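Here come two complexes built around chain A, the first alongside chain B, the second alongside chain C.
Take a look at the complex of A and B:
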């Protein structure tokens, strides 16, 4: 590592942490080369800030300030605390694959109950042992040049690498559980999932903290490919500690005739950014990408979607809802790119923010970029308060103010939750919203 | 003690006085009709009694069972037994009717210090009331009033009235937008709820409704005041001669 790459700016700490972390990052040879190139890129550009268009509303130089030191591998005490966090997860009937502070924890994971047709490796294992080209590919992507994805490539310590065979219909959801036990430390994970043709998979991601873990940073990337005719349900539940940061990226490539149904719920983290890059690579695929952000105090929650319709006859639908209380700030950016070949694209995006206080803020930026002429595309964005006439109707029927608001807020977010096909997961999302509402001051 | 006493009520909306000293006394078990042309302030009166925000009471008072009603929040008023059947019931998409009914009923019971109704008891109660009002179960599974016809919305109001068992029901233009069959079903529902302990204030523009819900007293409202009170015959008188005779009196 060339230490001269490290800039004397606020990113200095990141450079130092890379230099310090280098010896602990799995992989050598070509893997190290990819990491150093990725870090050089990060070093050159630094943390994204408000003059970087894609990060306009989420200035990491101000909000994250610096990348925290790399978390150490969890010791037994940390694993015990993580076990407690696993035990208190709302979602129970899943096949859990647990990452603690960025390291796969086999003893907390349901490795033995993986269903037939699923192959599991860890990122660390492959980076350390596989042949050169396979190893390096895991840290590369041409889906985005986002600088935080580059940082993730430089620093990723572990993750799950899953393959689901063609035609396999999984009975239980696969559940990647991210647990932070260390305070003031950063974890970097990258998971890769290849779903075979015609396979049916439900993938859940949870982000939680072990008791007492504070001010940590999560840097995650999920890269997945859905083979032709695959049916993929994806649910993410971000319930990180309220002073944590979560910077996550999903990179999804959809084959022909795939059904991709994704839902993201964020109620945790002081700062969260979820960016999803979804690429339609085969015709007649259908994607529903929905989400809800529940934000209060001074939370900042950013959802950024980039959809690339490359081929004809694909449908995409996005329904996003943000509930913003106190001095919280919600950001939704949705960009639909319809490329020249993507005739008969049907793409609709709707985002609505509900402001519960005068100081709450919401920024909505839907964008359409259309290069095909025979398409149906649309987007809408609204920001507003609860409807007074509905509130009064409920109160006139005996509901106290908070309860009346809670009922309307649940209805507001419910629209985005309806798409969750798995009943257990849908109920978990509804219950999480109810819990959030119950703790409103 | 009267059940409801409105004394010399003055109300402003956006700096404009709408009610100019209105008085009305309702005792337990009585049915009062308030008639008046559009814009005379009937809905304003009903909203102020129910506690809708946006109205400024600049004079007078409202006592309910001897207590200062204006000092109570809308939900407190509901729990104490005030029920307003809205002229225009709102649609609340995403809130299932059953959830709404149960949450509301239990909130009222809780405010009164009563235990929550068990699920089977609640269901039994709703089903029997719904059946008597010709409300199919399918309607109860929908969002509150979502996609309901005018008549269905009004029947849903009567359903709530039956479920919550209030001491006073204010019916604001229950007949508006209803055909004769729908009106009859709703009116039968209301009549079934008439009892010794329960009072009704039936607000209407037309005499027609009062053929179905026969009042004990009739008040004529014009320009923010009660300009004449009498027995049920007053409604028939109005039907013949119209409101014009009272417009001058109010001015």
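Take a look at the complex of A and C:
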């Protein structure tokens, strides 16, 4: 213990990449100052490692080693490849907003068909043109001091900035599509979404690769506010290339009486980390946060949730499932913080990991931190293999071993997927799981 | 709300008079100079007439300790400890060697009598007729830095059990001590364990030869008496093949305005088919109603299930100490070995508890069970921190964990921080945790039937901790139950 880690050379490399990238980052003046400060923070702390409690199981110094050079703005050829990736998306009938290598691509996006009551800007546009106070605020957050969020603020090139007016009920989901076309490059995006009081919104995020994009890095942040009484459905699908890395953060603030329903499915990426910070800012809000990680080969999938119950009478439910095959490694960390005034909080968290191979690994860390007494809080965590007696039952009825396993795994992840309200999205998630199972060796 | 106000009022009243063991024994004592240096280590070693290898072992630990930093990861906060402002050795002045209990300073015997500890075996020796089959307890009493009396020596010797102060064991059984000391908790283990390795003064040593079932419960009572004194006891228990022992430990200290330091190390080794049951009732002085004073309890306890089919079980009732930092753990090395951890941790006033366990599954078909009950009242913070891990070769590992926390009052906090790490697919781990307050409905039901509010809470709390109390040896269970109600007295309204 107490061993001081020598700062690896990779941090110096990212320092150089910031200097190289600086001229290509949008915004000047106060924006540059915020970026400089954020980057200074990152250089001071470096990539998080196993001695940083929040990153205990995902040591970026070992797994990511260094931050790749900033991706260049996509050219015509890159956009064409991105268009192919958009065309092959499973989710259709959404209002797509496409980010290619960290730049908004208006021609691939359904800007024209945005519904009334939705205002769209790009992060780049605001950073370059808006007044000082607005610009700098876009890159600031006080929800977390996580160093990867600071790095994101320093490097973010683009993203979507959406406003949904009070009382608007959107008919089609808004779909942010992240496409990587370049290999060995990093994209940094930050999107901000403000949902008005009583509005109803379905938000989908997809992370995909254009054909032949390899070993790239995605660094994304999503910051959203849900006004009082809003109803928000959020679905994230991570299908990045199998040698890519995806480090994403969601920062969500919920108003009074909001309904927030979030589901995240990770089947792509060699290394993925999804960290969500959800803050209950108004009473009687309800949050359901669910997720499934499907991992094989040497994939590493980390889901980290932090729920802050700041006010009384809020409910939160988390259901998380991980299916881990081959030499893959699943990590789930979930913390429920109940602050002193948050009486009558009802919070439950359940995480289960299914290990399909002897070399698979699952680490679970569900935490409760409770400072109010009149609460009902609980968490559960299980780790295990497929139940032999269930397998035997199915095989006795003539199912081949793989099929029997697939059936049980589908049921295992189904519980978390049931929470997706939108039928099309739910079916997409189920189909993704089925595809994943079909490719099991 | 009047009920809540009343609660606050009552919590406020939890004061020094709550702590029954807060008296001080005035005796002359022999102390090492204040502060810590190589000389202090040499002084302690010389006081104990230790062989050269022991001194070398201590010095090595001390040198290592100087390079280490105090850990900061636990959820406890306290002012920086000045390690130079503590006495590391204090012994009641006495004749060089004691032949019998009669030679023990009567003041000390009185202290233990006040604590209700039956040190004197005279009764038995005088032929007082005891009911057949009544359980007896052999006691080793440690007063500040030295062991003052060990009872039932003769009878234990006949059974082949070695039960003596560790300082004596170092002189009389160096081969055993050398073979086992520091093999479970190495000198380099952590800041407090390393400090203990350098300056430990006394503690108990137990060795059970193969196949011996210890004829009675063994017990040690620890008492910190001197002002500004740290207690650093070291306990080493070895159960050879097929042996069984049940060991109890109790702790108290006088009330003091300043904080006292307690950094103990307990090492258990269980060979093939052996079983060790280790129970603790920890009731160090928790500090007064303003959070002043109290014992800092930084303890490293670890059991090594070295042999096949071995079993180690930890049971603890933690009611005292201003700060508790304690994680009794099991290393399940032998195939089919089993580890158990049963804990009741109660915090009131300004107490801070960060306690839990580690179950490290290394052998095949190893099983473990963790039952932790935390009760937080007053302005206290109560944290369960635990690790369950299965290594790649630990096929068939099984764990069940249940951590429940009960909150009494709205100024306290209860936290649960479990780590569950599985590195092979045949490991089956289940963990569950809940936090809530005592249900109003249940209280109402009890009060309706004529119980007072306090009695009703006592009933509910006793039901809440029953799973753990059942694991305690009978003599301790009664004591523990009383302690729990004293600890919580006045915290409910």
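One rule holds in what follows: the second predicted complex is superposed on the first by the 433 of 441 C-alpha atoms of A that agree within 3 Å, B and C clash if a C-alpha of one lies under 4 Å from a C-alpha of the other, contacts with A are read in each partner's own complex, and residues count from 1 in each chain.
Basically, a residue touches a chain if its C-beta (ideal position, glycine included) is under 8 Å from a C-beta of that chain, and two chains touch if they have at least 3 such contacts.
Since the structure is predicted, the reported quantities are computational estimates derived from the model, not experimental observations.
**Q** In the superposed arrangement, which partner chain does A:423 touch: chain B (first), chain C (second), both, or neither?
**A** neither
**Q** A:343 in the overlay: touching chain B, chain C, both, or neither? Say first, second, both or neither.
**A** Touch partner of A:343: chain C, not chain B.
**Q** Please work out whether A:76 is in contact with chain B alone, chain C alone, both, or neither, and reply first, second, both or neither.
**A** The answer is neither, since A:76 touches no partner chain.
**Q** Could you let me know whether more residues of chain A are touched by chain B or by chain C?
**A** Counting contacted residues of chain A, the larger count belongs to C.
**Q** Check whether A:131 is in contact with chain B, with chain C, with both or with neither, and answer first, second, both or neither.
**A** neither
**Q** Which partner does A:414 reach: the first (chain B), the second (chain C), both, or neither?
**A** first
**Q** Answer with first, second, both or neither: which of chain B and chain C does A:360 touch in the superposed model?
**A** Touch status of A:360: second partner only.
**Q** So, A:400: does it touch chain B (first), chain C (second), both, or neither?
**A** A:400: touches chain B, not chain C.
**Q** Can A:377 be said to touch chain B (first), chain C (second), both, or neither?
**A** After superposition on chain A, A:377 lies in contact with chain C alone.
**Q** Residues on chain A in contact with chain B in one complex and with chain C in the other?
**A** Correct list for chain A: none, the interfaces share no residue.
**Q** Where on chain C is chain A touching in the complex?
**A** The touching residues are 68-69, 71, 73, 190-191, 392, 395, 405, 407-410, 412-437.
**Q** Would you tell me which residues of chain B are touching chain A in their complex?
**A** Answer in residue numbers: 50-54, 73-75, 77-79, 84, 86, 89-90, 92-95, 99-100, 103-105, 107-108, 111, 143, 160, 164.
**Q** Can you list the residues on chain A that touch chain B in the complex?
**A** Those in contact with chain B are residues 387-390, 392-401, 403-404, 407-408, 410-412, 414-415.
**Q** For the complex, which residues does chain A have touching chain C?
**A** On the chain A side, the touching residues are 1-2, 53, 340, 343, 353, 355-385.
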